[in-house]
């Protein structure tokens, strides 16, 4: 477990994803100190002999890299900018490695804020679910100053199956992550519409699923979400409608700032709003297929 | 080349797709007679010893199955319903196997018309390009009265890699074919939007292509059309904008008749209209990505 | 009732609108002969001493002008083009004055067909409801060869409050009529959305109605349809959802032929489809407000 | 100029609108003290003998009512919540009368913040341009605790032609104001689409303008903005594209919070984004008609 290139790492955010990522870093012999506001989430780390900080400042002081894996922009902003936060506590030259899905404007502003204090922001959002986080099989899209990205590589290697370098501007990594989620949402919406179309003409959804996944659409996005739609198994969400809306709001904010009309995105976002209005916020976001069916008078 | 289960087949429509399909049927020993209004397209068949009819009536008389592979509904309607057409010439019990992509309403009406004259319509639109037609590797979606579909199986076997039976109502097969094209158009539109999003934040299109096709979207639809968009290689169309509009108009007509709102489909259809308005009708339909980029002020 | 400039007029189509229009022409002393396939609709005319034709041919023979006020393109096409129809029966130099709401492509084709037989098509769709037809207060938009339009002026004067000449191409008049209906549908959709917005924040619909109609939107479109929405009085339709869809399909066909993306139109058309899917086809088309409310979880 | 019911008024925000409103209040004999961060904007008031505060705190201390007429939420939030701001300086029982166009969430949060300090927020956004502000002819939509609204009535009377009371919850007034702007944006978009439709069929825009404004759409929204579109007079903006986007972003945020799909609003917002991407941010927002025309290949 010792590691000659070991880094001094602070890690904030031990949720379903962060937990697996932090364990991988620890397992690779880096000198890690973890933190979470929810004390219970730190217990298994303490039990495993991992150092647990009692403040974010403590988790940042003297670190080479502070990883954040946080659920939203408000939390991230506070954690970085508050007195006693990462910016105030991490040494000059330190890297803040932001691995959550955040808004372009937030990442842009935090990159500037860190630069003022001679620190560096690297944005490295991840593709994949908790099981892939636990086994170090995430996809990672990293962007930031090249030397800083290079310094983080030992961490990427242990958390991910593959890391894509997306250039020197941290926000570029977020643009890719958001575009990927955008494509997924749009594919779900298109399936929702296509399934309603065939059902109206006497076709069982399974048949379209078969044509689709055996043909032009033989990819996880269609296999996974097509299956959920066919089975109407919306109650065990992989990704909820409310989380989907959060991501699509980040996408719409990026579209606003960049002056980018996104008509397909609007169609899906409207559908998410409908689903939430109908009490389906905690269902799998593929439940939009039920919304679509209902606008057609199906069911 | 003799075939104990050989069928007496008429075949109308020797375009880029039909040509390969007719050759496969001939090659399998069925007794085929071909026809096309464009005389030049029949020549290679005559040269190969295939019987060439001089009217559609001649190609229909005494046949077990008359295959049509025609470009649009107007032509198909004429060919079936005109005096001297398939309906007037094919014997009672004969099967009209319509393999083109047609509108739901047309197929519904023709099925009724054939029924009146004790004939059967089987709809069996195909998935795949001319190269797959030539090698018998098409996907086929067949729907119609079960015994009639069964009778056509020897033909399906020689034209297709796989045949999916979609139920007893001919129009169901078209619903699936249209839904498949619908999904494809929507995926192209979503890519168009996603590429414009990342470009605005400093990301080279190749990078998103990589993330997409190595991840959730590792399927032909995204690989083929994503590549065309990244390379801006719109000048060698696999499928043109104008043909795309024809298909989306069939889809919209099906949506109208079935009372099915299709917001994503509208976004793509509008984009096709823009591309055609800008003189891109004969370009590959992925050229909608250039339209999207232009609404964002890119290029 | 004698009229020095009296015209020999044939009139086909004695529905709710046509009835009032024909009566006005008769009342002004023109020599009119009326026709309708529904015999009952001709009775009141016979009783009033109006000549009733027993075929469209009879209503066309020897006429200066044949007026049609018909509900759709299929009927109009038959009436003009069938053997024994207007084209075969009206003399050379005769004017077919088409006053229904028809598709651009239909009007274009019929103008060409009449030209071949040295007849002239003038398109003159009307704005207004049956009560205005009965009192000669319609708005009329006329387009066609200028001398022919001039010849029809005595008729326009007696049927309408105001006639707008829209140029020498008959289809221009339809483009205006369709654009007017388009604006109306879009205004209804916008109201539907706006009312749902304020309701979600505790505002009674009446209050928005007041702000709207006392301010920027003090026009019949908003007063009439806003009131229907506020009162939810969808059961006494001025114009039904199904008729609305018919018009929007004509609009979409015009958009298709002209290569004109119409995103607002798509939103309203989708809403009409939803309403019809939910069994509201015979309700006032403002019922789309209920559809919108229901996508928001209101009611 | 003395007034028996005179109020002690603070007024912050002497821009094009606020200036006229403050002058009306002063002219009616209320004891007003004005403030603006842009010192130049206070000069004419000083010259006219109006008291000018040098801080917002000074403009709030001891006041019955503090009026704000501010351009955006960020400024308003600061002005209310900062130490030395309205909340810290206005006495208990004081009324903050917020007359700018703000977001629902902001108004909701500020109402709660004022309540904590025993102050009251009344929201009263205005309808109308600077010329109406100068002459006291604004439309005012007021919402908040009834007694507080009543206390503000002398001010409403002098600033507005008409005040509509929209209930006890301050955010209701904003919902109405945003809905009104929403209807206007949607009407502009619908006109943009309708004009492109008729132009494609040989109709001069003036002709549709005439039909529209003489008929169902004889209202300021269509007369004013239809004229701008017909004349293409986008260079002397009444309301700019960028301001339009700001309002539509407030609308979209309200839609998000209320779970309200707004498909027509999306179409217009996308159009605003396109116009801004093309460098038209400072043009009149009716310039979206040029964007629409350009997607059709017109001009």
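By letter and in written order, the chains are A, B, C and D; residue numbering begins at 1 in each of them.
Basically, a residue touches a chain if its C-beta (ideal position, glycine included) is under 8 Å from a C-beta of that chain, and two chains touch if they have at least 3 such contacts.
Remember, it's a predicted structure, so these values are computed and weren't measured experimentally.
Touching subunit B and subunit C at once are the following chains: A, D. Interface comparison, C-D versus A-D: the higher number of contacting C-beta pairs is recorded for C-D.
Set against the C-alpha centre of subunit B, every other chain centre is closer than that of D. The mean-CA centres of subunit B and subunit D are about 54 angstrom from one another, to the nearest whole unit. With each centre defined as the average position of its C-alpha atoms, the distance from subunit A to subunit C rounds to 54 Å.
For this pair, subunit C with subunit D, the centres built from the Cα atoms lie 39 Å apart. Centre to centre, using the average C-alpha position, subunit A and subunit D are separated by 38 Å. Contacts with at least two other chains are made by residues 255, 259-263, 267, 270, 273-274, 277, 295-297 of subunit B.
Across the complex, subunit B meets subunit C through its residues 245, 249, 252, 255-256, 259-263, 266-267, 270-271, 273-274, 276-277. The part of subunit B that touches subunit D in the complex is made up of residues 263, 270, 273-274, 277-279, 291, 295-297. Note for the complex: subunit B touches subunit A at residues 104, 127, 139, 141, 162, 164, 166-167, 169, 171-172, 174-176, 178-180, 182-184, 186-187, 189-191, 193-198, 200-204, 207-208, 210-212, 214-222, 251, 254-255, 258-265, 267-268, 270, 292, 295-297.
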